[in-house]
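Got a structure for you, written out below as structure tokens; questions coming shortly.
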Amino acid sequence: MSITRKWTTYLLLIAATLVLMFPILYAFSISFMSGAEVLEGKIWPSSFSFENYRDAFEKVPLLHYLINSFAGSIFVMAGQLLVSSLAAFAFVFIKFKGRDAIFFLFISTMMIPWEATMVPNFLTAQKLGWINNYLGLTIPFFALAFGTFLLRQQFKTIPNELYEASQVAGISRFRFFWNVVLPVSKTSLVTLGVYSFLTTWNMYLWPLLVTNTEDVRTVQIGLKQMQTQEISTDWGVVMAAVIVVILPTLLLLFLGQKRLQKGLTQGAIK
Amino acid sequence: NSTGSSEAQETKKTASGKTEVVFWHAMSGDLEKSLNKIVDEYNKSQDKVEVKPVFQGTYEEAQTKFNTVAGTKDAPAIMQTFEVGTKFMIDSGKIQPVQKFIDQDHYDTSQWEKNISSYYQVDGKQYSMPFNSSTPVLVYNKDAFKKAGLDPENPPKTYDELKAAAKKLTEKQGNKTSQYGFSILNYGWFFEELVASQGGLYVDHENGRKGDAEKAGFNGKEGQNAFNLINDMYKEGTFYNVGQNWDDMRAAFQSKKIAMFLDSSAGIKTLVDNAPFDVGVSYIPVPKEEDRQGVAIGGASLWMSKGISDETSKAAWDFMKYLATPEVQAKWHVESGYFAVNPKAYEQDIVKKEWEKYPQLKVTVDQLRETKPTPATQGALISVFPESRQKVVTGMESLYQGVKPKKALDQAAKETNRALEVANQK
Amino acid sequence: MSAVTKTANSPVSVLANPKEKKSMPTIIVGLAYLLPSLLLFSVFLFYPMIKTLYLSLFITDTQGNPLNFVGLQNFLYLFTDPNFLQSMKATFLFVLYTVPIGLVIALFLALIANEKLKGIGFFRTMFSSTMGMSVAASSVIWMFMYNPTIGVINKVLNLVGIHDVQWLLDPKYALVAVSISTIWMNIGFTFLILLGGLQNIDEKLYENARIAGVSYWYQLRKITLPMLSPTLFFIITVSFINAFQTFGQIDILTKGGPTDSTNVIVYSIYKDAFVNYNVGSASAQATILFFCILLVTALQFKLGERKVHYQ
Amino acid sequence: MKKVELVNIGKSYDQKTNVIQDINVTIEPGEFFVLVGPSGCGKSTMLRMIAGLEEVTQGELLIGDVKANKLLPSQRDLSMVFQNYALYPHLTVEQNILFGLHTKKISKQEQQKRCREAAEMLGLSEYLKRKPRQLSGGQRQRVALARAIVTHSPICLMDEPLSNLDAKLRAKMRSEIRQIQRKLGITMIYVTHDQTEAMTMADRMMILNGGNIQQVGRPLDIYNAPKNTFVASFIGSPPMNLSNVSIENNLLVFEDRRAISMSTPHSNLNGKKEVVVGVRPEHIQLATNDNTSFIVEVDNVEILGTETLLTFHMGDKQWMAKWNGQWTIKVGERVPIFIDPKHLFLFDGDTGSCLHYEPSAEDLTVKGALV
Amino acid sequence: MKKVELVNIGKSYDQKTNVIQDINVTIEPGEFFVLVGPSGCGKSTMLRMIAGLEEVTQGELLIGDVKANKLLPSQRDLSMVFQNYALYPHLTVEQNILFGLHTKKISKQEQQKRCREAAEMLGLSEYLKRKPRQLSGGQRQRVALARAIVTHSPICLMDEPLSNLDAKLRAKMRSEIRQIQRKLGITMIYVTHDQTEAMTMADRMMILNGGNIQQVGRPLDIYNAPKNTFVASFIGSPPMNLSNVSIENNLLVFEDRRAISMSTPHSNLNGKKEVVVGVRPEHIQLATNDNTSFIVEVDNVEILGTETLLTFHMGDKQWMAKWNGQWTIKVGERVPIFIDPKHLFLFDGDTGSCLHYEPSAEDLTVKGALV
């Protein structure tokens, strides 16, 4: 690569990074400002005080919410991985009539607007007694068309010989699934795991609906709790909460970026 | 949701044997902190009842949820609902009027601020317990008044004065306006108040208090006055459009983008704290001084669910009574900026001290007390209020797009009528 | 093993044995593996969807229970209701603004992040970071940035001499403003997918082009884009579906206003169902939305698939 | 050691056309049996039917005298080695070798013992803890082999197990597999498309083409007496040279009117005039002064160190000659060649079946040579 | 036709260790030059440096007498064929062939003409409208070739272009490529790890190992006079048999105390006692009564139709003998063999370099044979 091309690329990279990261950095900066500073429209705080963070943790049980979000996200992640991989396994390794039709049915679920299903789902959850516990927060999300699709693409790359070899050896189907297919698809599972963790972590409306107590509420609700309507919002505190809320997901993303990218692409391409 | 579920539920008890009262609210931020403190004190003050406050999102979100769980075991004992949800709650059949407990208990409601509690009274029956109430006030920048050669102690009272003052307050550099004279949030409530303060009715049938409303009335003379005011000032360049967001509006005031605006009385204190200038508060303006009827309240009240056990109801009532005591109301008023339901609260020391520090607060209370009790200031009762508000907001917004005030109002009225029609079919 | 040796000694029993031992029909096994998904889908997606279809033919009470059957009246009203037509328009504009532009930006980022340079990993991480941002958190940040008086965007515009723009208040800009923030939120995901697609392209194809001496743009046009087409196809489909279903940022940033300019269908559904309690109308809108998405996706598969080159 | 018998076996994937048909063959216990044929001829299909991975749609399959058509793969008591080895990439070599042994109800101790033995036999002992991706192609091949060995199944099936290896390694593994099979005495059914592999490894082999058996027999018998042109050109490297000729007065006349004489008039030509003549490259010799068959112009010369390959045109075809030694011949040079009539094969021009050949006299033994 | 010169070329990817080093060679105009060596020895690296796809980190590269170290690939006026062909899957054969030709400022007409010519030459005419995935391996190979041809570049680089093809097709393409190169007279630099390919195609070849040149020369010269044990065992199939021996009184004594005598005392052994002896398989003959070198026990016999391979143990190694004809020998049979001392190679035990060989007398020509 020629020198000029190299430096233009660097220049573009840096410029793009600055533009893209600006909102996050801006929020970070505001999270250290006092109320007056925020209203003056400053870009940089005059001093870095953790006042806002302390306030944020004081105002709502943010720590508790963080733990709930974490537990819920992990739970959904595990559930999605299991349910999706079971389905994907059937779509790849078990031949039966009508398989493609069912697969199409799965894919079509991606098109159902979530808002349209919320009220009936809430009533269902209520009938099942899933209000105010992790069941309601998590189980409705265990089945995921996108995840099934992603894993199906991955499973398709597993040579059929592996399956046949285990058939000859007399290994049961489930054992093959558990001991071979899953470990071999680690990358995609991690990808899907990160993806489901992120999406679950970021849910707001549903958790609000199905929880009535702080015991199981999540950080996104906490974020909403910081903002007020009729009286002034304390922006510094809200931004502090924003930072607290996005920090874990950003961290997760940074750690899993490589795998995520690899896994997502496998799913994207036939 | 079969009606069968409205049978009395079992009384939920806490581990220590106290009766559990679940209390859903929409108070976020500092308000939630204050509310939690009050609840805490109540819980500690006795050993029979344990109130559990639960934040349920915005008023709308909270009500949606209440609507779906009302009558089941997941329903709360006490539900906080915004003022425009009143009719909806009454019609839902999922609540019991507090009048029942007032009667049982021979509770003296005369200690309540009449102008507040009357909003929640229908056919002489008290449906809910007033809790956090506010009214609109005119807030202005005293420093800017001085600078513009206006008397900071004599803010505009009528539309004409307002227009004149706004003209003086508007500062322009070239074609760029650095300070606007006046602003109103694009929020239905302010429009309703502007109509009510002139004695205008929002809907027919005495604002819906003498039977189900069927037609919108807000597009009459009073409503047109209000829309014309906005339209005229906007055209003159003295009115600034701050949108729908309370925070944006206050930010604009605090950063001196606007010199006067209408705000909720509940927001005054923080405003005074944060503004880098002297803040003045006055009554909401009217077209002519003789029109002044006062204001209707905004805010929310507490409702008692149906289908909870008697024991729980009693416990919830006990808590409601506690909330209405002057001491608690004083604290609530001081911390939140909302009115005290019980006027005796204003005689409490902490309130007096607070008023010394924030004389602006007293103005808000005075405005409320001077209000003449009429169907207009009592507030409208319609089930589709939120929807109607959206239509009015859209109407206000369309003003800035150059739509004629009358046309904008009529459109909003037409759509409200249809919503009423649909609702009345149910 | 013992079973087999035994049967080996008595051929007669073998002929009978396999019949008994014959494994379960694969359809049963297959469905067993699909059961959890099917069950959950049925309960939490298909059932509500069917219920929605059903309710769209009724006027409902505030609890969402059907009161009286009105046939297609809900639909007929919607198609004459200027508000709904405005919603449709807003939705299509929103999709139009966000999908192509987001795609182009993400593609640009993916292209520059696909170069082999020192420290490129850092940039890739940065570019993908918005994927970790929740809609709520992002919207709060953007709302603040859009603030006409204290927000940074107008501050910057003022610096270059541009008048204050009332981003979220002016119907001319509100949808654009929401679109910008949406593009920003989605860029991380789109970027990641595209980058992965780029990295799957055989390096040798470019080496051959280098030897042939064709220009960068020619490579982009003749190699990169065609080779990326399966990935592009995937991401376009997903972006379309997501754009049609956007809700969170609208709720926080504009609440559908001003003058309904950002009142996309999903938000309109939400308002009708949760604020105005017109479940019938909301259901009808949801049904329309569902078919819109279905149509667009089907169209895409019909038209797009032909232009996609699978390896 | 078990017998495998195929009776009238046929297979159709789509219930319409047969992919293979009328397969009748008995594979003897302990035999090394090779299935060979060009790509797509149905070798894998046949092997997979024996393994039970593919349903038998016609005929009867007997394994050790037991009808096996409907048995599950695991009930057939056989092991299988796949073309790309089918190793589990996430398991170590040891785990790979032992994977699935548990279903056979073998004690941990016995498993370990078998694994150690197999690993030793195949020189894998030091790699037991590695993952497949850390192994070279040949080592992976051996792991796949070890996995088949430890099951102690009397029958082993292999589907082109060497085709992913390079030429040198392939030659080595060829003899390794053969030696192990002899040592363990298992019945081996081995699929390949490489005739060299088939020739060097098979006790007997079956040549398939288009789903039909072409010939079954010992490699040398097939080499020396191919039943038809397909077999003749498929077996042997470089392949047998074939050309259409017409018979005119005991002469075989090529299309370009060159001719060679037949040794004696052949009775079984049934008066056919158009036949195909075949000559193996090694039987085309440099003519000495008195016996030139024809003079050819050399198209290409390839010197492989110990032998030289000449390419030239003959009638409508390119022919090849293989000579020992390093020959310095220029492209375009004209070279006189001689073909001994006794080395000529004659095939039916229409059916391709062999009409005539002279049984080879070359049956060399060390004893014979020493004399 | 252009010359390519490498002067002291070296390459390092990580600025620390060299992947290849000290490469000095001149590739003559119109020459077919083959780079051969085991996997990972640096062949591709070298080729890619010549192409300009990889930076030259040491030394000087001259293309047609012009210093080319810094030239862009497109400025070097060469074409390249990649191992997996690097065809554009979304373009038709025709578009693939013409890809990038527009940069050469060639008229549409001329492009079409070249494409037609190349397609005809390679038998692709009927496939011009197809996509690569609709072609067989051999056809894809030809498209890649055509793409290189149409550029009319004087130099063509090929990186293992045949390794994805099966044995038969490979043999065919080998001679096709050779013929095209001759016809067009281009300078060809060809990378392979297959010694047969190198032997049969090269005018000259360079054998690389671990980034170092082992030997450069004509294939037969290298075959007959390998410079060291690496070359000796790399070139030739089956490879040369090598064993450690000690020299005792003009005898080469193997580790198992068997011995063969050297023909004459060799002067250039410098008194070394431990050497490596090498014998090509074709030089191990069946002994006649009076000249037995030793008796060996046969480990394996492979009959390839026209020749027979015997495997047996010799000292610490397995040796192979290649005999013409079909030999019926049982595994385990004891066979007397004879090795002519004149066919012995001796290598330095430490450095592996060749100490002694007798120039081959076999330089056969048709003329010589006819006499």
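For clarity, chains are labelled A, B, C, D and E in written order, and residue numbers in each chain start from 1.
Just so we're on the same page, a contact is a pair of C-beta atoms (placed from the backbone, for glycine too) under 8 Å apart; a residue touches a chain by one contact, two chains touch by 3 or more.
Everything quoted here is computed from the prediction, not taken from an experiment.
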{"item": "Number of steps on the shortest touching-chain route linking subunit B and subunit E", "value": "2"}
{"item": "Interface with the most contact pairs, given as the two chains involved", "value": "A-C"}
{"item": "Where subunit B and subunit D are represented by their mean Cα positions, the distance between them in whole Å", "value": "92"}
{"item": "Separation of subunit D from subunit E, taking each centre as the mean of its C-alpha atoms, in whole Å", "value": "26"}
{"item": "Centroid spacing, where centroids are CA-atom means, of subunit C and subunit D in whole angstrom", "value": "55"}
{"item": "Contacts with 2+ other chains: residues of subunit D", "value": "72, 75, 104"}
{"item": "Residue list for subunit A, restricted to those that touch at least two other chains", "value": "39-41, 119, 224, 227, 235"}
{"item": "Multi-partner residues of subunit B (each touching 2 or more other chains)", "value": "1, 61, 68, 247, 251, 255"}
{"item": "Footprint of subunit A on subunit C - complex, ascending", "value": "25-27, 29-31, 33-34, 36-41, 43-49, 51-52, 64, 108-109, 112-113, 115-117, 120-121, 123-138, 140-142, 144-145, 149-152, 155, 184, 187-188, 192-193, 195-197, 199-200, 230-231, 234-235, 238, 241, 244-245, 247-248, 266, 269-270, 273-274, 279, 282-283, 286, 289-290, 293-294, 297, 310-311"}
{"item": "Contact set on subunit B toward subunit A in their complex", "value": "1, 22, 24, 28-33, 52, 54-59, 61, 65, 68-69, 72, 74, 76, 134, 246-247, 250-251, 254-255, 264, 266-267, 269-271, 274, 276, 299, 336-337"}
{"item": "Residue ranges of subunit C in contact with subunit B within the complex", "value": "59-65, 67-68, 83, 143, 147-150, 163-164, 166, 168-171, 254-260, 271, 274-278"}
{"item": "List of subunit D residues in touch with subunit A within their complex", "value": "48, 51-53, 72-75, 78-80, 82-84, 86, 88-90, 99-101, 103-104, 151"}
{"item": "Of all residues in subunit A, those that touch subunit D in their complex", "value": "159, 161-162, 164-171, 179-180, 183-184, 186"}
